[in-house]
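In the two assemblies presented below, chain A is common to both, partnered first by chain B and then by chain C.
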Partner chain A sequence: MSDSVDTQPATSKFRAWIKRPYIRHVFLIWLAVTILIELFGPVQAHLMGAPASESMKAIEDTISLFTYAAAPVAALVISVVIYSIFGWRQAKSAGPSDESPAIRTNGPATTAWVLVSSILCVFLLIWGLGEMNSLAPKASSAKPIVIDAIGNQWAWNFKYPGSGNIESHELVMPKDQPIIFHVTSVDVIHSLWIVQLGVKIDANPFRVTLAHVTPTRIGRFSVRCAELCGLYHAHMQTDAVVLSPDDFNKWVANGGRS
Partner chain B sequence: MKRVFTALVTVLLGAALVFGIASFLHVSNLQNAPVVAEVRGTAQTAQGVLPHAFIALSTYPDSLAGEHGPSGGSHPDWVSYGPSTDISLPAHSLVTMTITQYDSGEVLNNPYFAKVAGTVATPGDGTADGQMLLDGRPVSQVSPEHIGHTFTIHELSSPSQDNLFVNVPLPAVSDDAMPDSGYTKTPHVITFSFITGSAGKYVWNCEYPCGDGTYRKFGDVMGARSFMSGTVTVA
Partner chain C sequence: MSTTTRGPIPNGGGLMRRLNLGTAILTGVVFGFVGWYISGKLFGFGDGPDNGWGRDRVWIITMTMWAIGFMAGIGAFVGPIRWLMGRDQQFEDQMYLAGKNQGISRYFKFTTDHKVIGIQYLIITMLLFFVGGILAMLIRTDLISKNTEIFGPQTYNAVVGLHGIVMIIATIIMVTGPFGNFVVPIMIGARDMAFPRLNALSFWLIACVVPILLSAVFLGGIPTGWSAYEPLGSQAPPGMDSYLMTIIIFAISSGVAGANIITTVVKMRARGMTWNRTPIFVYGVVASVGLALPAFPTFMASQIISGVDRATGTVFYDTAAGGNDWLYTNLFWLMGHPEVYVILIPGLAAMMEYVPVFVRKPLFNFNAAVIGIAGIVGLSVMVWAHHMYMTGWAPNLNAPFMLTTELISVPTGMLFLVFVGTLWRGKVWARLPMLAIYAMLWNFIIGGITGIYLSDVPVDVALHGSMYVTAHFHYTLMGAGLVGAMGAVMYWFPKVTGRMFDEKIGGWGFWISQIGFNVTFMGMFAVGLAGQPRRVSAYSSLFAHGNFISTMGAYTIFIGMLIFLAAIIHSWTSGEKATANPWGAKTLEWQVPTPVPLENFEVLPIITSDPYGYGVPEKINEPQLEPVHAGDHR
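And then the complex of A and B:
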């Protein structure tokens, strides 16, 4: 016996495949789910409040873009699952179905899957590297202000070594001035998270890690610990206060008192 | 019929499990009877004339005098605040708190908490903003080398309630003055004042690691409520 040879052209096979009812159903579900994700998915990027730095703006843009790019892929998986559950549901009266034949060597499917995945991954990689590069500290006429951020169970405190060693339980910064954080901890691992400024970095015991940001908006923002650190981890929070340069200078001249 | 019965039992077991967890969390979050600040007249402050409330707490080298009862509860040898770790304060008031410190201590791991923060002048005792009265002397900080405890109210980054951050270091009683039993006859007495804002809920805790057994003395009392930490209700 010899295997039958399939002589049907690829275009005809594709046309026949696409006319199958389940393909149309899966496509319609995919379209609906994609639209839903595209509409509501990027909302998550804005739940942390309006950005108060270029870093946070870049983070929100990246989250939104990655959500847009991932939506069709996620929707494909979801639509196949939904159709599998309802469209191929086994009738109660029928017994268990026989196992379907294994699918092997489907060249077009494999090629499409690998190609689309590769394009998406390379795109995300290039975008991510570009954003990281744009956030790197730039040569600026403004001299950076160094702030020591110290975490301990369960409070933050901040020192200003270049401003008379002022100490504060609130993080006070001037607008449009580069800030370099020297972050450390005196007990366990914490994580300094200045939410609306897009800074999140571990505070490791007796080691100093660096982070930088330039606040672009005057206001009062949230500082939290983002690393589970014990009984009152949830209460390890304070405010970041961004002042105008003049008000910040007054705050420094006043020894850190408002 | 058997399948229906199995499903019913499964649902009931699940509901019982959820109810059990919810009950446990509810009981574990119940507050003890709080110490309520007593308003005794008014006081002139930088924010104008405000009601003036008074409240007193103590820190002990054991749990025999606090909210755990004369037996000390399950951990009579743990250090504690008393008479309760839950306190209730009036809103928009000047609160003067007195803490009597009976415990010994060691080096504070973060010197920042040896400094007084968030306090205002107490009328008539000679203190200024950012100071406390330590055994009759106004001070703005103490040596971080010999700290018994701290009383630190946490600021919460929340738009729904006013900020309230207060830190007061409580110097240690010297080891020589610590008796073998009972409490020292020469405790430190610390008095300080702060102004409350609108109604809100906060927590306070001791920022000097005074537990044992776990990493950097953050075991026992530092990992349990109602010994060296508690709640502040401003109402």
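And then the complex of A and C:
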């Protein structure tokens, strides 16, 4: 830095800087774009539908939160793009300009950028770890119900080993009761996806994988296969039915007929 | 001719001078047929008693023989054979191989001139995009409404798989092939690649692979998606043999090309071209092929094992018999994630190369660009299992892989900083290649942020295997990667073809395809969030609107791309003649005449500055280090 030129204090330099018209314009565009992108948080959560478990709620909250966190950064890129198009663009006929400033780099801008993106990255990581931790199965009061989910080309079968080995093509579960899935496959890799409950785990042939959930809403939800498994992959779907504990007990007592 | 000092034209060489694409196809077909007939007699043409392995043996042998015959017929073995026979090539032979005075016919031969190979790559890339694009249209047409079935699920799955692998190969070669070959040697001040014959070899291996890949159509297709997970892959028809032979040969091609390009850049830069004065595009190309070097051999290995399983009845991937299907998944993604950066980086680097030309400013923070690229390359080999969060393979590794994946956002952010910083206050010369940068930034920020959602393990529970993922990687690979390649085509068009790109027709095509692109994949994000799985031939009525919108968007892309293609063809054949340096750019490829002479430079250049010395120096607010002769500043 040449010490002869700028003797003015940093604050007044900053004040002069923010008074430049393009700074104000870019700032206003950035603000507007940030707000617009923030809206995508709730929109995405809305598209995912009402959650039917704590895990699904956590997932939707996370998507919204990440959108809120990412919006200012994305908006910065987009606002510079917009101002570059509408503020700094020359007429095409003008040809290449010879008046652009020869800015090679800018220490504070680079430092701030890398710092902010690193902080955001650490935040994402900590949030994700916390979320994984809070969603991990807990040694809770209620004894979990074990359901065996078996994928075969191209249907799901569910067995209830703790409830008289009932077999069902629909996934029937009681509300507010922790459930553990033992998932496997008899042929190729499938992936058990209970959409509104936020459950997904691959069904691997000759191996058992685990997943767990506690349904929090009574209703009919979708079970799909999320891993291409051959000819009728698209049709490998069924319903997940969450019943009140009483109805579920009745269902078990009826041997799996409602 | 001043050949007297070198003696007469060496005996022979006559055969070498008679080989071309025609002889290659002929010998390929003959070899292939012989291989098919003999192996069929030995192992049975698919009705053998040995559990159908015979069928796969026959096809793998047939394809191998085709490849050997094709490569022999094009002249790939001429060099080593003549060397073995003690008649190594003379200067005239090498000039002949470089395509001297052969006009258009040199594009159909084993020509070693890097500029010819660049154009060959460009043509084959566009051909692959055309095929892949048609397949995409078939997919979207089948999904236009809930009940449409233009073909059954078998064909649908085959189309999806073929679309995937065709596009993956096309996007891998789309920048490093055409421009890594045509532009990079000139850009660094070299007369050709370090190993010109290997360069031709890498291209002709790809030419040889295209028929093998497309043969899948007649062999039952690749109904497994391009990831071809086991054990689903072992159920698939001999189309899988096409797939695995394609991958094996393609990996050889990319390995050869990678070694060649890296050697060229490391050893053959002009005097004075220090690493700080080496253009960023060169970094991008080296990063891409350098990342492919460790990545693709694992893919090749995965497919060799798969071929052995199919043809000889081994059980490497058969969990039931003591193998392990997760071995395949790991090998696949060990390649699969680096591979997305192999695709993405050179497209971004091409745009970083020319954004200073159009805003007439230096590239903002060159060092950050290099560190960003290096950081992405380094991290990308450590993130593969984020594709496997939901497999159950190693749940305890999900957190570490989430860490490495999210860390990539930092070097990626640095690349955004370079673009934003270069745009900042730059007086923009709004030519079409420049406008493509805006489109890329828009697409890439969407692709990048959705990638962050997917890196989060709990969120991935909801989104893995859904259309959301499909939309995400199209935003990065197509929205950023392919747009980068389209920008590269427009930017280097005057140098490659000698004519200006028609920005009017091309602009219509480009913007129509961009609008279509955003419509298509926004629709796909929506249905993915709502729960539509990937790779489905039918879907619940919940997703009807989103799919219809996506299909309309896809048709729009196709129309736009056709117009863009028309602009390329029109400009190439009858566009306005270009001067040597129509953009007033400072990199070396613009300082040589157009068309570029055979060995690029009469006198090799000496470099005294980096190529980004645009703009007027600022007195205040800028930490100018030195008086402003570009390049002295370091």
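Definition applied: the second predicted complex is superposed on the first by the 228 of 258 C-alpha atoms of A that agree within 3 Å, B and C clash if a C-alpha of one lies under 4 Å from a C-alpha of the other, contacts with A are read in each partner's own complex, and residues count from 1 in each chain.
Operating definition for what follows: a residue touches a chain if its C-beta (ideal position, glycine included) is under 8 Å from a C-beta of that chain, and two chains touch if they have at least 3 such contacts.
Everything numeric here is computed off the predicted structure, so don't read it as measured data.
Chemist: Which partner does A:Ala10 contact after superposing on A: first (chain B), second (chain C), both, neither?
Modeler: neither
Chemist: Should A:Ser100 be classified as contacting the first partner (chain B), the second (chain C), both, or neither?
Modeler: second
Chemist: Name the contact category of A:Glu167: first (chain B only), second (chain C only), both, or neither.
Modeler: After superposition on chain A, A:Glu167 lies in contact with chain B alone.
Chemist: Applying the touch criterion given at the start, work out whether A:Arg224 contacts chain B, chain C, both or neither, answering first, second, both or neither.
Modeler: In the superposed model, A:Arg224 contacts both chain B and chain C.
Chemist: In the superposed arrangement, does A:Asn157 touch chain B (first), chain C (second), both or neither?
Modeler: first
Chemist: Counting touched residues of chain A, say whether chain B or chain C comes out ahead.
Modeler: C
Chemist: Output check: A:Tyr232 vs chain B and chain C. Expected answer is one of first, second, both, neither. What do you get?
Modeler: both
Chemist: Taking the stated contact definition, name every residue in chain A that is touched by chain B in one complex and by chain C in the other, in rising order.
Modeler: Common interface on chain A, chain B vs chain C: 187-188, 222, 224, 230-232, 235, 237.
Chemist: Across the complex, what residues on chain B touch chain A?
Modeler: Checking each residue of chain B against chain A gives 109-110, 112-113, 115, 117-118, 129-130, 152, 154-157, 163, 165, 167, 203, 205, 207, 209, 215-216, 218, 222-225, 229.
Chemist: Which part of chain A faces chain C closely enough to touch in the complex?
Modeler: 1, 5-6, 13, 17, 22, 44, 47-49, 55-56, 58-59, 62-63, 66-67, 70, 73-74, 76-78, 80-81, 84-85, 88-92, 94-107, 109-110, 113-114, 117-118, 120-121, 124-125, 127-129, 131-132, 135, 183, 187-189, 191, 193, 195-196, 198-202, 204-207, 209-210, 222, 224-235, 237
Chemist: In their complex, what parts of chain A are in touch with chain B?
Modeler: That would be residues 150, 152-155, 157, 167, 169-170, 186-188, 221-224, 230-232, 235-239, 257 of chain A.
Chemist: Could you please specify the touching residues of chain C with respect to chain A in the complex?
Modeler: The touching residues are 153-154, 157, 223-225, 229, 231-232, 235, 319-320, 325-326, 357-362, 364-368, 390-392, 398-399, 402-403, 406-407, 409-410, 413-414, 416-417, 419-421, 423-431, 438, 441-442, 445-446, 449, 452-453, 455-459, 461-462, 464-466, 526, 529-531, 533-540, 583-584, 613-624, 628, 633.
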